[in-house]
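Look for chain A in each of the two complexes below; its partner is chain B in the first and chain C in the second.
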Partner chain A sequence: MRRYFGRKLLVYALTFVVAVTVNWMIPRFMPGDPVAGMLARAGVSQPAAVEAMRVYYTNLFGLDRPLWQQYASFWGTLLRGDFGISIWLFPTPVSTVILRAVPYTLGLMVPAVLLSWVAGNRLGAFAARRRLLDNTVLPLGYVLTATPYMWLAVILAWGLGVVAGWFPVAGGYSFSLQPSFTAGFLLDLLHHWVLPFLSLFLVALGGWAIGMRNMIIYELESDYASYLAALGAPARLIRRYAFRNAVLPQITGLALQLGVLVAGALVTEIVFSYPGLGSLILKAIQNQDFFLLQGTFMFIVIGVLVANFVIDLVYVVVDPRTRAGMAGARG
Partner chain B sequence: MSLTVTDLRVSYQTLRGEVRALDGVSFTVADGEILGLAGESGCGKTTLGKSLIRLDGRMRHAGGTVELDGRELPIADDRAMNAFRFREVSLVPQYSMSALNPTRKIGRMVAELLRSRGETPDRAKLESRLAQVGLPREVLDRYPIELSGGMRQRVVMVISTLLDPSLLIADEITSALDVSTQQAVARALLGFRDAGHVTSMVFITHDLALTARIADTIMVMYAGRLAEKAPAEVLVEQPRHPYTRLLVNALPEVGARHAGRRLTGIAGSPPSLLDPPPGCRFRERCPLADDGCAEQPPVTEVAPGHHVACWKV
Partner chain C sequence: MTAAPTETRPEPRVVRREALHFAVRNGKLVTGFAVVLVLLLTGLLGPLLLGSAPPNEYVAAPMLPPSAEHWFGTTTFGQDVFTQFVHGLRTTFAVGALGGGIAALIAMVVGFTAGYRGGLPDEALTMLTNVILVIPTLAVLLVVNAYLGVRGVAVQGLFIGLTSWPWAARAIRAQTFSLRTRDFVDLARLSGLGTGRIIAREIAPNMSSYLFMTFILLFGGSVLIASSLDFIGLGPTEGVSLGLMLQNATQWSALQLGLWWWFVPPGAAITAVVGALYVANVGLDEVFNPKLRTT
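This part shows the complex of A and B:
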């Protein structure tokens, strides 16, 4: 058990180091000069003043130092939990900017990922045993899962937002409101949340339903299912076993999907101007904000790693075969 | 009479038509009898075994009856058959190694299975049955992957016979085992019969030598029909049907050197059952065949308990 987790943790640590390094490299190898952008926005016309500001900012962000020093100090500050200062929202610390956006992204992602997983598995399992349902769920599932997130988002925004007028099409809340814990604001928040959630939920739902349907059919044809049927076990028991065993690969799928869904949330947030991490990434890129971009990516990397680790733990609990593997047994 | 099968016909639906895998087979198995069912691949022995407990989706009951302890088994009716499964007819399947749910501890799976059939799990009985096949009670707290193939096989044998069925079908259960494990399995089956856990047994195999050791009676099938049925020693020592004779001659003997005499096989292969030729099915490969064999030979009793379907005996 300890060796298993030791090995897992080592792999996660390595992944983390590589991700941090790539993360540090990407903004620095992007074309463009962030300080020049800031100066242009400041609109100072005196050459001497511009030069003084350039030196000040370059020095402030440490951009005058050699790359290896920047890299080393990046690690140093990172381990202290300091992501630096945002260039775009100067002088707000990156961590503050990210923490403001995180609740929106998590509030969108976590329900979308988990609910689509649960609902998709149920739907797929139902489809596997009713021909009529199978003939409708399967094609619908294929259409949904093949739909790009932003395309579905645009369709939903147009259909339910613009044409039907049921839901607002942009923002995390109405511009006339100040964020607060009042019923009015929370209701408004929920109202803005529905469309982005729905677009993420529906696309993921199709994939889960198809996967589950195929897995259940496979499990129902397995040897243990035939044996139970030969002993006259009721279909309910056989289906319960099949469902439980079919869920195992779906759990792995969930772990893999988490990383992809972050990207899905990105475009969805941009379509709906939702104030989460996705919109933040776009803003950071547009404004050459190295530190904000790094910070956001960092947050996503940590999120995916933690989610995967949790899935690893869950797997150990639900699948006895992993436990046997950990004990070094023949597997 | 424990089991009486009369003119049983079962066919497979395929894209090219109906394959008549079982074409009018009749036999009886007495209380306490172990019937060995032998023949080459595709002769219908597994189909026969399945017909007695559960037809799979592609199989169709085309005629004939199966009677167990005086009651007719509704073999074509999957739901009605459930009442008989496990309690009256049980199965040790060909795939015993993978017949247990991999994500349930064995004890829990057995309890869930019994409860789903309206039976109360009896831990003490289960443990004593396990002990009988040389398994410790701890296996109940293990997952199937934690046991060896042979152990899993014995666990399945114990589960299948837990409700003391009247008839046990053992389908090719020794095929995947090494010789010493085969012995243990054969002994366990005999032990179950002698202890009265099962009344009678149909032991399906392609291994004539092993069958001869545990079966009371052996029935040899060929291309969906009965070829010969006789007490085990008689069938091996004095086979009457030309197919059985060739089959027995093809068996290698341990210790015998075959330098001088090559082991003979049986030339040719069985006919297609999609549209089988009329008359004796073995005609094409039979050294004794003549024009008379164009007509189907009836099953005749040449000696008490010795049935042969051949014109030449």
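This part shows the complex of A and C:
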């Protein structure tokens, strides 16, 4: 088990280093001069102002020093939790802007991911080897999993929001309210949360259902299932054993899908102008706020790494073979 | 080759004919590929048949609902949605082919090398694969594309390909690993064939169906990632794509104005292409894997 965690942590540490390095490299090694680009987009015409901005940005990036010093100081500021100053919300620090948005993204993603995973697994396990259900769940699952997240969000916003008028289609809460811990505000928050949650939930559901269905069919054809059947065990018992075995690859699948799920949450937030990281990224891009964009990137990477580690912990609890130091741990 | 002894040579041909026999009778495969083919032809021929009108040209009154003249209606600016749609389809297929192709190529190089060589190269490549696997693809692409001033379809496809290969490399490595100790590979090694030729002539052909299915999934994944990027506003700076159409529709409040003909077709087309590919993939699996055949 120590070897299992040691290896995992090594991968995550390396991933973090790679992500930071990529984050450092992109502005410096992309074609074109980032400072010149920023100045051009700022649209300042007075030569004095342009010169002042050039000096400011060059100092900020530390572009006048040797590369290894730039790299070292990049790590230094990062480890101090300093992600720079947001240009869009000048002079708020990037970390403050991001921390304000993170609760909304987490509040949307965590329930959507967990519930779709649980419901998808149930649905898939239930549909496997039942002809009628299989013929409806499977095609529907493929359509859902092929749907772009933002398109389902747009369709839901249009159908249930604009046409039916049941749910608001923009924002995290009504503009007339101030965030507070009153029943009225929390209900309003929930009301705005339903549609983005639903669209995330539905797209993810399809993939889990298909995965589970295929795994259950595979498990039901294995030797232990046939043996149990030959012993006269009830079908329900066999299915329960099959489910327990089939859940393991689904946990691995959850870790592998995290990147896609984050991407889905980001575009869904943009559709609903939900005040999470997705809307932040949109604002950062529209305002050419590269510090904010890169800060958000680092936050997403850290979040995905933490989630991966949590999934590893869960895997050890669920699969006894990893505890005994035997095979069975995921890659 | 034709003069080769009959008891060894006909085998691949029989296998291929058998696969074809099941392929044309597999509903999933035929339907899936038919949908993709129809949309591909629309994307390839549509722009030619519609003449040289640029897709972003203002051609009619704004906000017209679908009619005989404008099949998918017009946008808030009086652009023809159908013209944008066919051009967008073309872009979508281009990004899918390019991104999926590059990713498949990298996955094959990494997977074959790691799986066949084993030892230290395997350790290093597996570590690299695992590291890149954990990094959220879209987040990297966001930063990269934000710094690119001028963005084209080719560059978009290239970067998608460069970031989306890891899971495929892992799958190919596992397959190669199980093939490399088979007798026919040992025989090839004993007869003095080089590593590259063994992989190209003994290992790859034995998993060609698997490789093709991996490419299909990578293609679908590229299409979805590209549409997300376009939607966030980091799509091609010139031209149209289905993701850009969705972005424009939401940005210019097509939802509030009730212009459903603007945002329904592009999303439906992406879903149709990717969904049809997934379904065709299941069909292919049934064709090549006798255990899964139900009929």
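Here is the rule we go by: the second predicted complex is superposed on the first by the 271 of 331 C-alpha atoms of A that agree within 3 Å, B and C clash if a C-alpha of one lies under 4 Å from a C-alpha of the other, contacts with A are read in each partner's own complex, and residues count from 1 in each chain.
In the analysis below, a residue touches a chain if its C-beta (ideal position, glycine included) is under 8 Å from a C-beta of that chain, and two chains touch if they have at least 3 such contacts.
What you are looking at is a predicted structure, and each value in this text was computed from that prediction instead of being measured.
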Fit or clash - chain C, chain B, common chain A: fit
First (chain B), second (chain C), both or neither touched by A:R236: first
Touching partner for A:S226 - first (chain B), second (chain C), both, neither: first
Per-residue contact with chain A, leading partner among chain C and chain B: C
Partner chain(s) touched by A:W158 [first = chain B, second = chain C, both, neither]: second
Chain B versus chain C as contact partner of A:V55, first or second or both or neither: neither
First, second, both or neither for A:L293, with chain B first and chain C second: second
Contacts of A:P27 with chain B and chain C, given as first, second, both or neither: second
Partner chain in contact with A:L177 - chain B first, chain C second, else both or neither: neither
Nearest-approach distance, in Å, of chain C Cα atoms to those of chain B in the combined model: 7
Residues of chain A contacting chain B in one complex and chain C in the other: 331
Partner chain A, residues of chain C touching it in the complex: 126-127, 130-140, 142-144, 146-149, 167, 170, 220, 224-225, 227-228, 231-234, 243, 246, 249-250, 255-256, 258, 260, 263-264, 266-268, 270-275, 277-279, 282, 291
Chain B to chain A touching residues, read off their complex: 53-54, 56, 81-87, 90-91, 93, 95, 98-105, 112-113, 116-117, 143, 145-146, 156, 159-160
Of all residues in chain A, those that touch chain C in their complex: 11-12, 14-15, 18-19, 22-23, 26-27, 30-32, 34, 37, 139, 142-143, 145-152, 154-155, 157-158, 161-163, 169, 221, 256, 258-260, 262-264, 266-267, 270-271, 281-282, 284-286, 290, 293-294, 296-297, 300-301, 304-305, 308, 331
Chain A to chain B touching residues, read off their complex: 222-224, 226-234, 236-237, 241, 244-245, 248, 318-321, 324, 329, 331
